[in-house]
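First up is the structure itself, then whatever we jot down about it.
Each chain carries a letter (A, B, C, D, E and F) given by its place in the written order, and its residues are counted from 1.
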Amino acid sequence: MTPNIETFIGCDSSFEEAKIVLFGAPFDSTTSFRPGARFGPSAMRHESFGLETYSPYQDKDLTDYRIFDSGDLELCFGSAELALLDIETRAEDILAAGKLPLLLGGEHLVTLGSFRAIHKRYPDVHVIHFDAHADLRDDYLGAKLSHACVLRRCHDLVGDGRIHQFCIRSGEREEFRFAKVHTDLHPFNFEGLEELTRWLALSGTPVYFTIDLDCLDPSAFPGTGTPEAGGVTFPQLLEAIQMVAKTNVVGADVNELAPMLDQSGVSTAAACKVLRELLLALSK
Amino acid sequence: MTPNIETFIGCDSSFEEAKIVLFGAPFDSTTSFRPGARFGPSAMRHESFGLETYSPYQDKDLTDYRIFDSGDLELCFGSAELALLDIETRAEDILAAGKLPLLLGGEHLVTLGSFRAIHKRYPDVHVIHFDAHADLRDDYLGAKLSHACVLRRCHDLVGDGRIHQFCIRSGEREEFRFAKVHTDLHPFNFEGLEELTRWLALSGTPVYFTIDLDCLDPSAFPGTGTPEAGGVTFPQLLEAIQMVAKTNVVGADVNELAPMLDQSGVSTAAACKVLRELLLALSK
Amino acid sequence: MTPNIETFIGCDSSFEEAKIVLFGAPFDSTTSFRPGARFGPSAMRHESFGLETYSPYQDKDLTDYRIFDSGDLELCFGSAELALLDIETRAEDILAAGKLPLLLGGEHLVTLGSFRAIHKRYPDVHVIHFDAHADLRDDYLGAKLSHACVLRRCHDLVGDGRIHQFCIRSGEREEFRFAKVHTDLHPFNFEGLEELTRWLALSGTPVYFTIDLDCLDPSAFPGTGTPEAGGVTFPQLLEAIQMVAKTNVVGADVNELAPMLDQSGVSTAAACKVLRELLLALSK
Amino acid sequence: MTPNIETFIGCDSSFEEAKIVLFGAPFDSTTSFRPGARFGPSAMRHESFGLETYSPYQDKDLTDYRIFDSGDLELCFGSAELALLDIETRAEDILAAGKLPLLLGGEHLVTLGSFRAIHKRYPDVHVIHFDAHADLRDDYLGAKLSHACVLRRCHDLVGDGRIHQFCIRSGEREEFRFAKVHTDLHPFNFEGLEELTRWLALSGTPVYFTIDLDCLDPSAFPGTGTPEAGGVTFPQLLEAIQMVAKTNVVGADVNELAPMLDQSGVSTAAACKVLRELLLALSK
Amino acid sequence: MTPNIETFIGCDSSFEEAKIVLFGAPFDSTTSFRPGARFGPSAMRHESFGLETYSPYQDKDLTDYRIFDSGDLELCFGSAELALLDIETRAEDILAAGKLPLLLGGEHLVTLGSFRAIHKRYPDVHVIHFDAHADLRDDYLGAKLSHACVLRRCHDLVGDGRIHQFCIRSGEREEFRFAKVHTDLHPFNFEGLEELTRWLALSGTPVYFTIDLDCLDPSAFPGTGTPEAGGVTFPQLLEAIQMVAKTNVVGADVNELAPMLDQSGVSTAAACKVLRELLLALSK
Amino acid sequence: MTPNIETFIGCDSSFEEAKIVLFGAPFDSTTSFRPGARFGPSAMRHESFGLETYSPYQDKDLTDYRIFDSGDLELCFGSAELALLDIETRAEDILAAGKLPLLLGGEHLVTLGSFRAIHKRYPDVHVIHFDAHADLRDDYLGAKLSHACVLRRCHDLVGDGRIHQFCIRSGEREEFRFAKVHTDLHPFNFEGLEELTRWLALSGTPVYFTIDLDCLDPSAFPGTGTPEAGGVTFPQLLEAIQMVAKTNVVGADVNELAPMLDQSGVSTAAACKVLRELLLALSK
């Protein structure tokens, strides 16, 4: 008789063998509107057993690839800096072992922990960012470390022209002005992604890929803190993920599922399917 | 220290300065199926703080315009006639001050109160009506004042050819027959709206604009008493609102959000965004 | 093959044979706070199939008695007077056939319809009233026909000293003052009920018995429009029902279940059990 | 006074007169993930009163046709074989009377009961199958009678080339391999349906039509046990139903609504509308 | 980095060292009313992290005892006999290793699997049964293996006078008649338990202890398939558990938590606390 | 026409006139289990309109006293120290004006902000603490400022023998050990409160009164982050509040309502009633 091991479906490789390592960051302390993203990674793990390991979209099966799920970090609530430090350390350990870190949030701020580790190792990294919100505020009610500032903090690290934002349909006027000068912002949808990824793939540029699931329309993904009408459809997102996967992705994350906000379970099921398709697209 | 003032986000002008005046009619006594629209206006006010004042769709910001939110009327439940009288009086007061009344329902019947005031001042007014339901019954179980009869009551006032209905996909056979002769009914979507609004704008005809939010597909807007599959998308509605706003709109309303029926909060968030876009489109 | 008949469990006598006749009044138009009591009677009928017909409390079985369930009246929303008229007519028809009318609300105002019929036939009737709320306002926002005024309207008919109220723990100061002079109000619990019912039973006085289920503590019965902490327990209510049933009960009602407000189903299950015990206690 | 009869709206013909007979199979014992489809048929019947009998899509009205609703079978939980037997018997009785059986599930396994009766009478029958899931497993955790195997069991009866599957987007790799050889599987959408139905209509081939409502996208239909992102829209489904109705449909079913999983009621409302349109399309 | 192990809090001994072994039976196929008990054991494991390992009631701490949690069995839905066989085998393995099996249901039928193993090893075993329902039907709609028959099946094994039932407040008349002759049924509460357990403890009789959590009042435990008003309080249940734990308990189970039916989480939290107190009481 | 002012019912005095000042602290960033207490104060304000201003328990009416509701502070999420500073400042301002600060949380940590202000002004203050949890950890996952440590931080300020804890039924073993030496902990209920309050009243000792609403049993108050079975009843809490109010209360708070966790609204209604009774008891 063995103890009860719970991983994302089909991710039962050992750490040593694995090419991709999942880790969860159940943190949402800076969420200003509706919290609950902390429960995202465990819900995805738990509900993934309603999903098949096989994808008819890509004709691939998770059981053919080596993925390790290291569970959730135990993060300190109430201190964003401490939480980010723990996330960064875990990402560094995974990178040091030559594997791709795939972070499950949590609120979007967790991206910063993982991205710091990536940026140290790949100083020329670009960011591809799918989101409803620009996340480019300099601070939020005085806090520099907030979900609403996370891409601004990434910009602090990489500078102009290396952050590529898609599906953005919400933000302060100031954020859109900032984006005009400093980032490559594509409002509402994925227009321009194909061209961008073709160019990044050709050059072999390292890419960090961060997916805020609220880029999806709330009809497909209601279970998130700040739903924004007018998003992309699920098939559009799948197609976009496959485009990005053709570039040299060196780290990724999926975040902002707040499962308690959608008691139909549809959002968690959609998040699981996005993760399966992302894992398969990144597995070659 | 000041008392707790709660307005729709960005609508904090004084009454005197304002060009548009919001007022809520928390009434749903004649709702025959699932009640709860009474909670619509306060939910929109309360949840609007998850919304930005800036719209990337129109590149405009609510903080640049003068809008006053006068809160909810205190209406008598159980008597439709008394409630309509209070709504009419409030609309008259706003019109008398030279401002545009924007009513938040409540069930669709509340439109009649506001429309009576408008019609007195603008006898040649046309009605543009977005809805899933024709609302053209002559009575409902004997009641002439029912949400299911509201456009029929408007027709009593304005007569043939001045009511323009869009997105209609539900009603008794008799209502569709009535519409063939007496109203300008466009089933299912916004086909014909562009032509109509171009013509109305040219002539400067006064327009009353009534939006039953259930014109949206239930996937985008589940929180309503009588959801009807097969509706329009959120971007289609935004585009249609901008078309109508080019005409001479003299009064408007947004109704039928029943927030308790959608505990994900997506419907309330969508309603807030519709209201923001409508306010911005009407502000010139 | 027969059509789908849905009655409260064990109530499948014919009208002719029946001693007790159930009828539902799915009305809640005057509810000022949270509506939904309109769905009470159909939910009780629907969910009663999770209940046994046998009561170990009374060692009696519904299948041994003759009870007819006539379904729900089709009531006009938006007009309290019309709805009350239909309820009164139905109660009169049942009384004319020599049977006991047992009304299922709906909001508490429906009691007035049934009670008018009872009072015509039994001018010396007393009322036993279980409720969290005094319901003694003279009007509510101008309306005389409101759930908050229903016992006051009964008092208009029977005058002082004939209304006996139990479990009352909420009301305006004015209502408690009125009660001191005009009704027999027992706050918080059933103190005094045993003595009262002994006296009423001895004299054979006709009794109308109205149960607002919110007399129960919200822990046992959360699914109601205006829950009031500090109510009685379920066993206390059962015991009280058995006391009242020893008097000459000539009409009764059970109301204010709002099933959508308690998605655990516990409130509907409790309401069904209250109704079963009431039916068994009234069946001799 | 009559007892409380509850049918799907507009389906109040007698059995003798009826051309179509509805019957419910409230069974979900083999559901491996989230149960609740047992409540589908009674929820559809109950909530159909929020629907109109008239369809503006087909300009037809249920009140013009003769449909009988025989309510729900009382099925044994815990034994799939016994439940299927009862379903088969009911379908045989309806066929023997020269009427079209229209089964309301329940989980998808119930199809097998109805299909066995159909196949005995029409050995050359084809199956048109709308679903998110292939349902082609040979067994599920050892059980041959499982919702995940139902089309495989149908294939046992009819053999290769007679099962036509549409909208399929989930399954084990093995099921897709089986489908390549043995069934006519169209992934993701309705591509190929028009051609197929034209050919079937010309030949007059008897067709069994089984609709798993989870073919719809979860945004339109979240209330189902295993929601699969990436489905068809409601208008696409309506159009497909009208195509299939032009063939010689000899039996049909609609299943997998789990109403408790979608507390907004949108899924039940959508299921009712699908059933109305199917009934109207099959009524000539 | 280690894979994600999820056990009930404080139960992280190895199998070899353990004195008590937890195992889950996520089965509810025969549930006739509202399903969902299948999710009970995993919800308890998942939510136990909101619980402390220390009990101020018993001044004991789970971390001081050796308990192993072997996770959930993978049971076949749709076949009660197969599921019971797997449960029986697991219980036998635990008994063979000299440990106490503690089963987490699932619906109450799962008890039979565990009890068959216990009865083989301890033919003179008595059963102490806490439940709202008598569960003494001989069959339910023809099925002998049903949650409504489970104690009757236990009676088939042990005969008269060895089943002791407490808190029973629901059942068919026939079940109460059966109990009068064949079992030791204590209605409504724990009256008689102290005397019984004193006697059983003195004699050292082996005892199987089965707790249907619906013995609790629905106010304390709404999340269960068939809630029955009029149950015991949480402190009463804790006290009763400590009495039973003084006898020679050789096997136990806790069942009928249906977590989805109580979205407040209160029922799952209560179930976790019952399990903690039971584990501590059984640990000496 | 006036803007929409929303206060707790009956608390519409001006700041200048008021004797008691309400202020909300919508903060729950350190909540380790289930967040949502941030929505407590606004939900209480919003739902208080279902409550009467008159209390039959105390025969007093809120409209007779002068209470000002200053709304919610705008607190920074993600930084406990900054949030506490803002709370402390607000409490100081209220104290400086000679009024009693009554804080509405939020998670229990907010107490520390208010208590720091109180302690500066009243160095000899005692604390009366109602709670299910001891909240005496020295740190929680490294954080000293956590809801689980809040009474420990108060102890840092006042030292031994001045913190009086009631209803405590959960904590680590270490916390109960700490309490034995350093605080006056009364487990499970209010035993000892009458004696304590008599003594404190006689001496005129200043008292800070902090109510974590989870001292109530979850049956009466399910809407809280960490529900603990076995709590006190609502009438017991009312009685206890009246006892404490007889001492020299110089500051108070009510916290840990998480309204989204109880969609029946019962918890919010109970919280409102607790606040009404507390305000009336403190008003002399």
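The rule is simple: contacts are C-beta pairs under 8 Å (C-beta built on N, C-alpha and C of every residue); 3 or more make two chains touch, one makes a residue touch a chain.
These numbers come from a predicted model, not from an experiment.
K.L.:
What chains touch chain C and also chain E?
P.N.:
Chains in contact with chain C as well as chain E: D, F.
K.L.:
How many links in the shortest chain of touching chains run from chain A to chain D?
P.N.:
Graph distance in the chain contact network comes out at 1.
K.L.:
Same or different interface residues for chain C and chain D, judged by whether over half of the residue numbers are used by both?
P.N.:
Counting which numbers both chains contribute, over half are shared, so the two copies meet through the same residues.
K.L.:
Through what angle, between 0 and 180°, must chain D be rotated so its C-alpha atoms fit those of chain F, rounded to a multiple of 5?
P.N.:
The superposition gives an angle of 180 degrees.
K.L.:
Can you compute the centre-to-centre distance for chain C and chain F, using the mean CA position of each chain? Integer Å is fine.
P.N.:
38
K.L.:
Which whole number of Å gives the spacing of the CA centres of chain B and chain E?
P.N.:
55
K.L.:
Note the residues in chain A that touch 2 or more other chains, in rising order.
P.N.:
217, 219-220, 263
K.L.:
Got a list of which chains touch which?
P.N.:
A-B, A-D, A-E, A-F, B-C, B-D, B-F, C-D, C-E, C-F, D-E, E-F
K.L.:
Going by the contact rule at the top, pick out the chain C residues touching chain D in the complex.
P.N.:
1-7, 12, 15, 21, 42, 45-46, 68-72, 93, 263
K.L.:
Spell out the part of chain A that touches chain B in their complex, as residue ranges.
P.N.:
For this pair, the touching residues of chain A are 33-34, 168-173, 176, 187-188, 217-220, 222-223, 226-230, 261-263.
K.L.:
Which residues of chain F touch chain C once you look at their complex with the stated criterion?
P.N.:
For this pair, the touching residues of chain F are 49-50, 52-54, 56-57, 61, 217, 219-220, 234-235, 238, 263-266, 269-270, 273.
K.L.:
Name, in rising order, each residue of chain D that touches chain E in their complex.
P.N.:
Touch residues, chain D against chain E: 28-32, 35-36, 38, 74-80, 82, 140-143, 145-146, 260.
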